[in-house]
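Going by the order they are written in, the chains are A, B and C; count residues from 1 in each one.
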Amino acid sequence: MSDTILEVRDLRVTFDMYQGAVQAVRGVSWHLNRRETIGIVGESGCGKSVTIKTAIGLNPVSSGSVKGGEVLFEGTDILRLSEKERRDILGNRMSMIFQDPFTFLNPTMTVGRQIMEVYLQHHKASRREAREKALDILRLISLPNPEENLKRYPHQLSGGMRQRIMIAMALICEPAVLFADEPTTALDVTIQAQIVDLMNSLKEKVDTSIVLITHDMGVVAKMVDRVYVMYAGKIVEHGEAQTIFHHPRHPYTWGLLESVPRLDEKTQDDLPSIPGMPPDLIAPPAGCPFAARCRFCMGICGREAPPEIRLTDPEDGRDHTASCWLCHPECIARNGKTEWRAAHD
Amino acid sequence: MTENKAPLLELKNVKTVFKVRQGLLKAVNGVSLSLYAGETLGLVGESGCGKSTLGKTIMRLYRPQEGEVRFEGRDIWQYSRREQKAYTQMVQMIFQDPYASLDPLSVIGDAVAEGLDIHRLAGTKKDRENNIMALLHDVGLNQSHVDRYPHEFSGGQRQRVGIARSLSLSPKLIVCDEPISALDVSIQAKVVNLLKKLQRENHMAYLFITHDLSMVRQISDRIAVMYLGSIVEIAPSEDIYSKNRHPYTRALLSAIPIADPTVEKSRKRIVLSGDVPSPVNLPAGCPFAGRCPYAQEICRTSQPQLTEMEKDHFVACHRADEMALME
Amino acid sequence: MSQLPKGTFTDADFTKTGAEIGLDPASSRKKTTYWRDVWRNFKKNKAAYVSLYVILLLILLVIFGPMMNPFDYRTNDYTAINNAPNTVHWFGTDTMGRDIWTRVWEGGRVSLLIALLGTLIPEAIGMAIGGISGYFGGKVDTVIMRLIDILMGIPSLIYMILLMLIFGSGNIMTLVIAISITGWMGSARATRGLILQLKGRDFVTASRTLGGSPSWIILRRLIPNTLGIRVVGITMSIPSVIFYEAFLSYIGLGVTPPMPSWGQLIKSAGENFRYYPYQFIIPCAMVGITMLCFNLIGDGLRDALDPRLRT
C-alpha cells in the first residue's frame, strides 16, 4: 500500500450535547491512493462531513471531540500535530472546497487577492509571482478572462464562477489531497456538469487525489473510482464504483440506489424509499444500525453488530466489503443465495 | 386533457419586473400557461430563470407589470377584499427551505393550524385539535409531536409540517416552490410520494417548481421548461423526456448525471458553455441564443414564439422542426 | 473470510424477521424548548448567573428592606446626626439624622421603578413603531425614519428641561415620561432593522400566503422573533436609565427631596463626602452593582440567545 497518501484508521468522533453525547463517527477507516477519487456517500447526519473535517484537522484530538483513531497523511498523524504544523499542511498539502462558495469568500476583497493570499501564506514569494501563479491556475481551470476576473468581488460573479474561484484557491498550492464537500449541490445542473468535468480533468493536470462527499449518486457515478457508503457513523459498504453500482451487497446501498430516479428508466407509481429514519446516535442500537429499517432484518441483526465481511468481486476480484449479516457465510450456508440477493445481482 | 375544460389557473402574457440599479430586471418575461384542476404542472429551470418569481406572482406576492393571472376565470388583481381572503384559502404554497419556512418559536401544532386560526375555521378548541391531529396523520407525522418546536425535527419532517400547513385550508392549488431540493435523495422520494398520495386523496392541482428534471418526472402530468423568464417548451411529461425539441431542454437533460458509472461513461452529452446571462439586459431574439449550440442568424434577431408542434406539445424555437430530426 | 469469528449461530439468527421501524429519534430525545435551551446556555455563564441572583436579592431588599427596621425615610432625628454605620442604624444616618438603610432601599424603589418603566415603555413604543415602519416599508418607512433622524438630532436634555417645565419636576411619572419620549427612537430603529431582515424569511411569507393580516404578521410572527434579540438590548439599557436618573437627580432635575432615589442620595452625600464617605459610597455601590449586574446579565443573554452557539 505504498501508494496510499491518506489513511484514516478507526476514527471516533463524539460531540457533547445537552441531551447527551452524540457519537457522530463510530470507528471509520478508509484510505486514499495517489491520483484517485474516492466518494463518501450517505444521508445528512451520517457523519460524512464530520469525518472529513476531522481528517483535515479541524477537530484535533485536543478539542476533546475526537475519541480515538488516527489520520495518517503521508505517514504522519494529523490529529496529533501542533496548531502551527497543521496550518502548514492545511490549504497547502491538503485543501478543501465547500458546498456554498459564497459564505467562504470574503465579500470585501477581490477574488484575485484572496487567491494570492492563500499562496503567499504558504510560500515565500513576491506579489508578482503570486499573481502569475493565480493567473496560471485560473487558466488551468479554464475560467474565461482570468485577468479581468481577478479584479472582481465575489458578489459580481455567478454561482458557478464562485465555485471555480474556490477550486482555484484550493488548488493554487498544488495540494496532494483535495476534499470536496458537496461541491455541486448548490449549483444548477448545467453548471454542475461543468464543475464535474473540470474536477475530473484536474486529476490529470494537477497531481491531486480527491475525496468527494456527496449524497448525489449521479455525481458519484461520474467522478469516483471507489465508494464508501456511510450510515449512522459507520462505513457499511465499500468497493469499486462499478461494484457498488452493479453488485451492491448492503441493503442500505440498495435503498440509496433505488430511491434515485433515473432518467434512462420509465417512471413508477411510487418511488421506492427507505422507511423510517436513521437511529439517534446518542444511544446507537446494539445490533446493526440499519436493522430497524431493513426489509431483510434477521434474528441476529438487532442483537449483534455485523462484522465487516470481505467479498470477492464478481467482476475483477478487487476489494469489496460490506457490514451485513446477509453476507455472512453462515447466513449464506443456511439461506442460500436468496431471492433478495439475486434481485440485486 | 386540455380541451373542453376551463382552466383552474390561467396566465396571459405575465411580465413581472423588478427595478434594480442597472435597469429593469425582467424576471418573468411574458409567460402564458394554463393549469387544470387536479393536474400537476412541473415548472423546471435553473436558478434565476424566474420560476420562483412566477410562483410568487401566482401567490399574489408580486404584482405583474403586464398581463393577467386568472383563477377560475377571475383576474386575481381585480379581487375585492373578501375575494382576496378567499383566494388565500384556495391557493397555498410549500417552500424550499424547511428550516426557514417554520417559525422557530411556534410548536408544530400551531404552525399547522396557522391557516385555521387566521381564517377562524376551527370553531372550538376541540375542533382545532382534531383538525391538527388529522393533518399530522395525513402527512405521516407522529401526533405526539404536536407540541414540539421545529428545531427538534429533521429537514424531511419539517417539510411535512409545511405540507400539513398548506393542506389545512383544503386548497385547490398548491404552488410547490422547490419543495424537495433541500432534502436528501432518499427523503426526496418520500416527500414526492406523499405529495402524490395527498393529490389522489384531495384532488388539488400542483404547480411543482424545481430545477431537478429527474424528480419532477415522478409527479408531473405536464412539464414546462423555463429559461430567462420565458417558457421555452411545454409538453406532457413523457414527451419532455422522449420527444423534446428545444435545445435547452436537451442540454438540461444531458447535464443530469445518471447513477450508473457504465452508462455515464458511454453517454453523449451537450455541455453548455458559459452562464445564464443577466435578466437585466435581455438580448434581442431568442433568450437562449447565446449558449445554444444550434443558434443561427435568425435566433439572434427575432424571439421565437411558443408553437404547438404536436398535440399539447409547445416549443419556442426557430429550429424546432429540424430539432425533431436531430438526436 | 478467515478473519470472521467462528461464533455459534442458531437458525433463528438467520431467519428473516423484517424491519421493525422504530420511533423516530426526535421522540426519544429529551424535549427542549427554545427558552429552556436559552436558560441552559445562560447558566453556563457563571458571572451572568450570579448577577441574576444579585439582582433578585436587590429587588427583595428594595421591597422588604425598609420594613426591617423601625425608621422611615423622612423623619429627621437630630439626636443622631451623621452616625457611622452601627447596630441601630445599619448604614448609619445622614446630616438630618435619617436612617440611610431605609433611605437606600426607598431610593432603590424609585430608581429601579424608573429604570424598569423607563426601559419597557419606550421599548414597547419603539417596537410598535419600528414594526410598522419595517413591515410596510416604502413611504411609511421613509417618513418615520426621517422623523426619528430629526428628533434624534435634538439633545435629549432639552426635552427633559422642557418636560420638567410642563409637568413640573420631581415626580416619578414625569421622569418616566421624559425618558420614554427620548428613549423609544433607538428601539424603533433596532426593531425596524430586525424586522427588515425577518420579513423576507419564508415563514413570514407563509403567513402572508395563508391570508394573515399585517397586524397578525407583526404581532404573531415578527415581534416575537425580534424579542429574543431585543431582550439583550433591553437588559443593557436598564443600567443606562439608572445612570440617567442618577444624573438627572444630581443636576437637580430628578425626584425632589425628601423623596430619595439613588441619584438623589449620591447628590446630597457628595457635599459631605470628605467627612462622611459612607453616606456617599453606599448609594454609589448600589448603582454600580445594579449596572454591573444588568450588564453581565445582558452579556450572558446575548451569548445564550446567539443562534450560532446553539446545537
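The definition used in the following text is that a residue touches a chain if its C-beta (ideal position, glycine included) is under 8 Å from a C-beta of that chain, and two chains touch if they have at least 3 such contacts.
Quick caveat: nothing in here was measured; it's all calculated off a predicted structure.
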item	value
Subunit C and subunit A - chains in contact with each	B
Chain pair showing more contacts of the two, A-B and B-C	A-B
Mean-CA-position distance for subunit C and subunit B (Å)	46
Mean-CA-position distance for subunit B and subunit A (Å)	31
Subunit A, residues touching no fewer than two other chains	277
For subunit B, residues contacting two or more additional chains	154
Overlap residues in subunit C, where contacts from two or more other chains coincide	24, 29, 32
Complex interface listing, subunit B residues touching subunit C	59, 61, 84-85, 88-89, 91-93, 95-97, 100-105, 114-115, 118-119, 142, 144-145, 148-149, 151-154, 157, 162, 165, 169
In the complex, subunit C residues that touch subunit B	23-24, 26-27, 29, 31-34, 201-203, 205-213, 216, 221, 224-225, 228, 310
Subunit B-touching residues of subunit A, taken from the complex the two chains share	43-45, 144, 158-161, 188-194, 196-197, 215-222, 224, 241-242, 245-246, 255-257, 259-264, 267-268, 270-274, 277
Residues on subunit C engaged by subunit A in the complex (per definition of touch)	1, 3-5, 9-22, 24-25, 28-30, 32, 37, 40, 311
Contact set on subunit B toward subunit A in their complex	46-47, 154-155, 184-190, 192-193, 196, 211-215, 217-218, 237-238, 241, 251-264, 269, 271-276
